[in-house]
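As written, the chain order gives the labels A, B, C and D, with residue 1 at the start of each chain.
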Amino acid sequence: MKRIAVYTSGGDAPGMNACIRAVVRGAIYHGVEVFGIRHGYNGMINGEIIPMNSHSVSNTIQKGGTVLKSARSKAFMTPEGRKKAFEQLQSHGIEGLVAIGGDGTFTGAMIFHNEYGIPTVGAPGTIDNDLFGTDYTIGFDTAVNTALNAIDKIRDTADSHDRVFFIEVMGRDSGYIAIQSGIGGGAELVMVPETATSIEDVIDILNQGWKRFKTSSIVVVAEGEELGGAQTISDMVKGQLPEMDIRVTTLGHIQRGGAPSAFDRILASRLGLGALEGLLNGEKNVMAGIINDQLVYTSFYDTINKVKPINPDLIKMVNILSV
Amino acid sequence: MKRIAVYTSGGDAPGMNACIRAVVRGAIYHGVEVFGIRHGYNGMINGEIIPMNSHSVSNTIQKGGTVLKSARSKAFMTPEGRKKAFEQLQSHGIEGLVAIGGDGTFTGAMIFHNEYGIPTVGAPGTIDNDLFGTDYTIGFDTAVNTALNAIDKIRDTADSHDRVFFIEVMGRDSGYIAIQSGIGGGAELVMVPETATSIEDVIDILNQGWKRFKTSSIVVVAEGEELGGAQTISDMVKGQLPEMDIRVTTLGHIQRGGAPSAFDRILASRLGLGALEGLLNGEKNVMAGIINDQLVYTSFYDTINKVKPINPDLIKMVNILSV
Amino acid sequence: MKRIAVYTSGGDAPGMNACIRAVVRGAIYHGVEVFGIRHGYNGMINGEIIPMNSHSVSNTIQKGGTVLKSARSKAFMTPEGRKKAFEQLQSHGIEGLVAIGGDGTFTGAMIFHNEYGIPTVGAPGTIDNDLFGTDYTIGFDTAVNTALNAIDKIRDTADSHDRVFFIEVMGRDSGYIAIQSGIGGGAELVMVPETATSIEDVIDILNQGWKRFKTSSIVVVAEGEELGGAQTISDMVKGQLPEMDIRVTTLGHIQRGGAPSAFDRILASRLGLGALEGLLNGEKNVMAGIINDQLVYTSFYDTINKVKPINPDLIKMVNILSV
Amino acid sequence: MKRIAVYTSGGDAPGMNACIRAVVRGAIYHGVEVFGIRHGYNGMINGEIIPMNSHSVSNTIQKGGTVLKSARSKAFMTPEGRKKAFEQLQSHGIEGLVAIGGDGTFTGAMIFHNEYGIPTVGAPGTIDNDLFGTDYTIGFDTAVNTALNAIDKIRDTADSHDRVFFIEVMGRDSGYIAIQSGIGGGAELVMVPETATSIEDVIDILNQGWKRFKTSSIVVVAEGEELGGAQTISDMVKGQLPEMDIRVTTLGHIQRGGAPSAFDRILASRLGLGALEGLLNGEKNVMAGIINDQLVYTSFYDTINKVKPINPDLIKMVNILSV
């Protein structure tokens, strides 16, 4: 393999630039030419394919977002779109791809490979951490710390005013960010899609805290929680806890950005290099991951279809630590 | 004056603890006994009045919120409430008060003084910066930096996806946080209650940016903007800018908390000491402020009734800097 | 076991408070009385042993340092000192101990157990991460992020002035902080005690960067590096690289403090709870650790005497990523 | 004036990029062509003069350092060097200059103007804040906050171990950073070049704290303190305070870098625009400054030769607040 390309797709995540950098410098180290595709699959179709060298990624490891930009591509979901993409890659002499992204990114890559046979290796880049085949995804640790810093700030106000706060964090299908930021933030309760919590439970836990003279409480809610978001749940409990001053805040998009944490920069560097070296060694249709500190490759199919459960110890721990 | 008390009231603001600390240590330095009243006027009524010494405020200068806690008191709005408060102060031998808070706090203090004659000097503690009689209020600089850090993070995502973001910051009656965080964040447009912006203006400015190949834009909206909040405004423009990917985020309560900035710690220390020394020197019914780096005292009446305008140079500057 | 005590000893590390909190609340959850011993072994000897309840650890999870304070105790190294410590524990009815600290802490605990038979379980609290029996120690992730943020800041100046910076980070016997902050900071070279680097290598690598038009370079040096600290090494190379503007900075004590990261708060909570539950289940003379996301107990003897090597992939990666 | 250029010179300071951006976009707004000179006076001599447009400064407002790079130029101190610089400017058609820097930068600009008559307006960019003609310089607020965050972290360790820390901050001729970070960090003592402190005073203050059961103390020392740096002073007192555990740390280069604070971004934007508009309005040989929130121009001569004293209230306040 003499020439490869790298792209980012789907939602941006802190550490994607560290991953791009590792792919680019790894390729140079191994004597392979490397191109960057801008705007994900859209750029692949439109030919936004540019040569990269060591300087292209200088001073990017500390930056949030993705210097290659990202996009969600409707065109790539059509056979015509993928045909154009293939022609663009051919005309640039690209023989292999490194795809940085999540579920949707890898689904596209798998279909594309089946049709045109271009080998692709993925690197897991999503703040949600809900990808099977790796203990952690790029951006998760930074997103948790961003959520945690926000919870720390809100705790100042909750304590000063003896309030209860419902705080909604990201995680449409997964409670990873909620559980980690909740434990880290000393939350009294964490509500995640993976486990059922009834409104009665919420009221009970808040009442128990009150009886133990806790004058402020934090409930962290994953956006994908079955009962609804933080606002909905707070509306349900307010009537039954009239003596409590209850507030709601939704952290929103700040969770996606910011300079990546040390953990994410190192993880992203390892996964970028791992994806690249896998590609050069003949891997295809797989995602590079790190499980128990070892580099592993998992088929796109499993990555997309299998579920990575939350460690049940963590869910149990919230309960113990808020006594 | 041999014994005084200090309290915080209204919304909490970063730096209130630095201000309490300056009052307490200043009192000790000047040989005056000092008490803390917890939960603002509610605690004054209920007798939550505790002696404080140098250690009471050790290791608090860096903390957000208020260690004396704050509350909004309905009881203090009644003559009966204020009578009880006065009796509590008398029974504790309190001869003067330092009140840390905003408009509502000082209105209460003014009425209370008119009825019972206890001298009170205020220190301006509110993130909104909308108090006449001081260039800056305690907590404002920290809130602006918190909003700015959030905007920096959102800019990462806006750039990565070529998006337009409407970001709502705090400021019900005032655009101070919006204008400063907007300039600092490199916003294309800042919408504040103090000036009228039409929906046509918003659309024009976003279109102009697009024509100059700006691929992302940030609009900062103060919550008190006349056209409505960020969500409302975004809904109005979306239909007319169909090619743009427009998102909305509301920063919310994170703007109130967090470790105070250096600016706020120093300002709060100066104002706390200034309020205390004013009280000891016979001032009453006034708020301590700093104007042009000089300590000044402004009557509660003026503080509450006069308006401090935003520097028009700042509003003009947003326009110039986003060309 | 009806009554236990917890203490911190040796150098403080961010996350120790989260660990204390988990021990205290875990004990309450399991119906066991819990005391805190202040100032480590010194306080054990002097009887600084205080009852703790749920409120004792409220609002501490986000704090750096240790609320129980720490100390290095010469008295505990003597038989007389340990005899007094035992008598104090007896008089307070303490039946088991949780010790949070590092090598020295566990050595003391092991000797003490051999003499007096009080069961002790350890939790690894040290920023250096050099303890056998756990993948990560409490405080390491925070220290790495602190070092990384400092490197990011210094990179701004290095780039602005086309300079080479030698940055010394903590790690007397171990290069963990150096290797992680170096990779995260995009360092051109990382020098650690675990591998030999010659002065010729240093000069070669800096010269190669120069030839590829890198105008600034960062070399991260662990304080325990065999060739000497950052200042010594920089002095050795300066004469041979006269065209380079070389500077030195030593990060120092800032690496020990600060609010713990999410990773450290969760790790500390798990290890505190793990140590406590081990103690209640009959473990003794062991340290709780987490290896491959599983709670494990390793004998103090092995913890103290075995060496945990740095992942060689990380050392190799620095070289690849700086091409 | 149809074409101007901007450059940064001397030590880098956070906010310089925000200032460059304001000059560039201000020039575009006013219909003037704008060039950037890289590497300060060296680049002026070597012809590193590049056209800039609105995109040249996109996404730079939040970056530390200077995108135009800086340097100290020996060549510009010679008549030959300045002759070459003038020829380069002429050949590029540059009719006026905005110089961002400090004392040395403006001295060079003044001499250059006297010889060749090219009008130059300065903007004060230095973390030291020791320039006459402006209340604050670009970078000062960020440097103070960086120092303060470091002091907060060190306080965690000081408290955990009952230690005294001597912390050295930047400021060769001026105690601005020391006094502000010292007040903000709750230091027991601040030692600055502007006032004399004897070793006996240091010992007295530490002893007094000890008697009041302060178990930890922070002394902030400006690097230009007459008695010597933090290490020297600590060595002098150690012998006389044998019961105290005294440590020293020097914050070093981290104080120069990092994302600028809100205050610095706004100040830099105002000063950049102010310098540009002054230049276009016929000002020359002056520095733009902001005094009492008003834009003012002060001659380079006064800026260089007059001294801006520290507010004596601040020095007195340290003493009061550490009782």
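The criterion applied here is as follows: a contact is a pair of C-beta atoms (placed from the backbone, for glycine too) under 8 Å apart; a residue touches a chain by one contact, two chains touch by 3 or more.
It should be emphasised that the depicted structure is a prediction, and the values quoted were computed from it without experimental measurement.
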Length of the shortest touching-chain route, subunit B through to subunit C: 2
Subunit D and subunit B - chains in contact with each: none
Furthest chain, CA centroid comparison against subunit A: D
Rounded Å distance, subunit A centre to subunit C centre (Cα mean): 28
Inter-centroid spacing, subunit D versus subunit A (mean Cα positions, whole Å): 39
Whole-Å separation of chain centres (CA-atom averages), subunit C against subunit D: 35
Residues within subunit D bordering two or more other chains: 152, 155, 159
Touching chain combinations (by label order): A-B, A-C, B-D, C-D
List of subunit A residues in touch with subunit B within their complex: 8, 12, 14, 39, 63-66, 69-71, 146, 149-150, 152-157, 159-162, 165, 247, 249-254, 256-258
Interface residues, subunit C side, partner subunit A - complex: 21-22, 25-26, 28-29, 54-55, 58-59, 61-62, 135, 141, 144-145, 148, 152, 155, 159, 180-181, 183-186, 212-214, 259, 261-263, 265-266, 269-270, 273, 292-293, 295, 311, 313-314, 317, 320-323
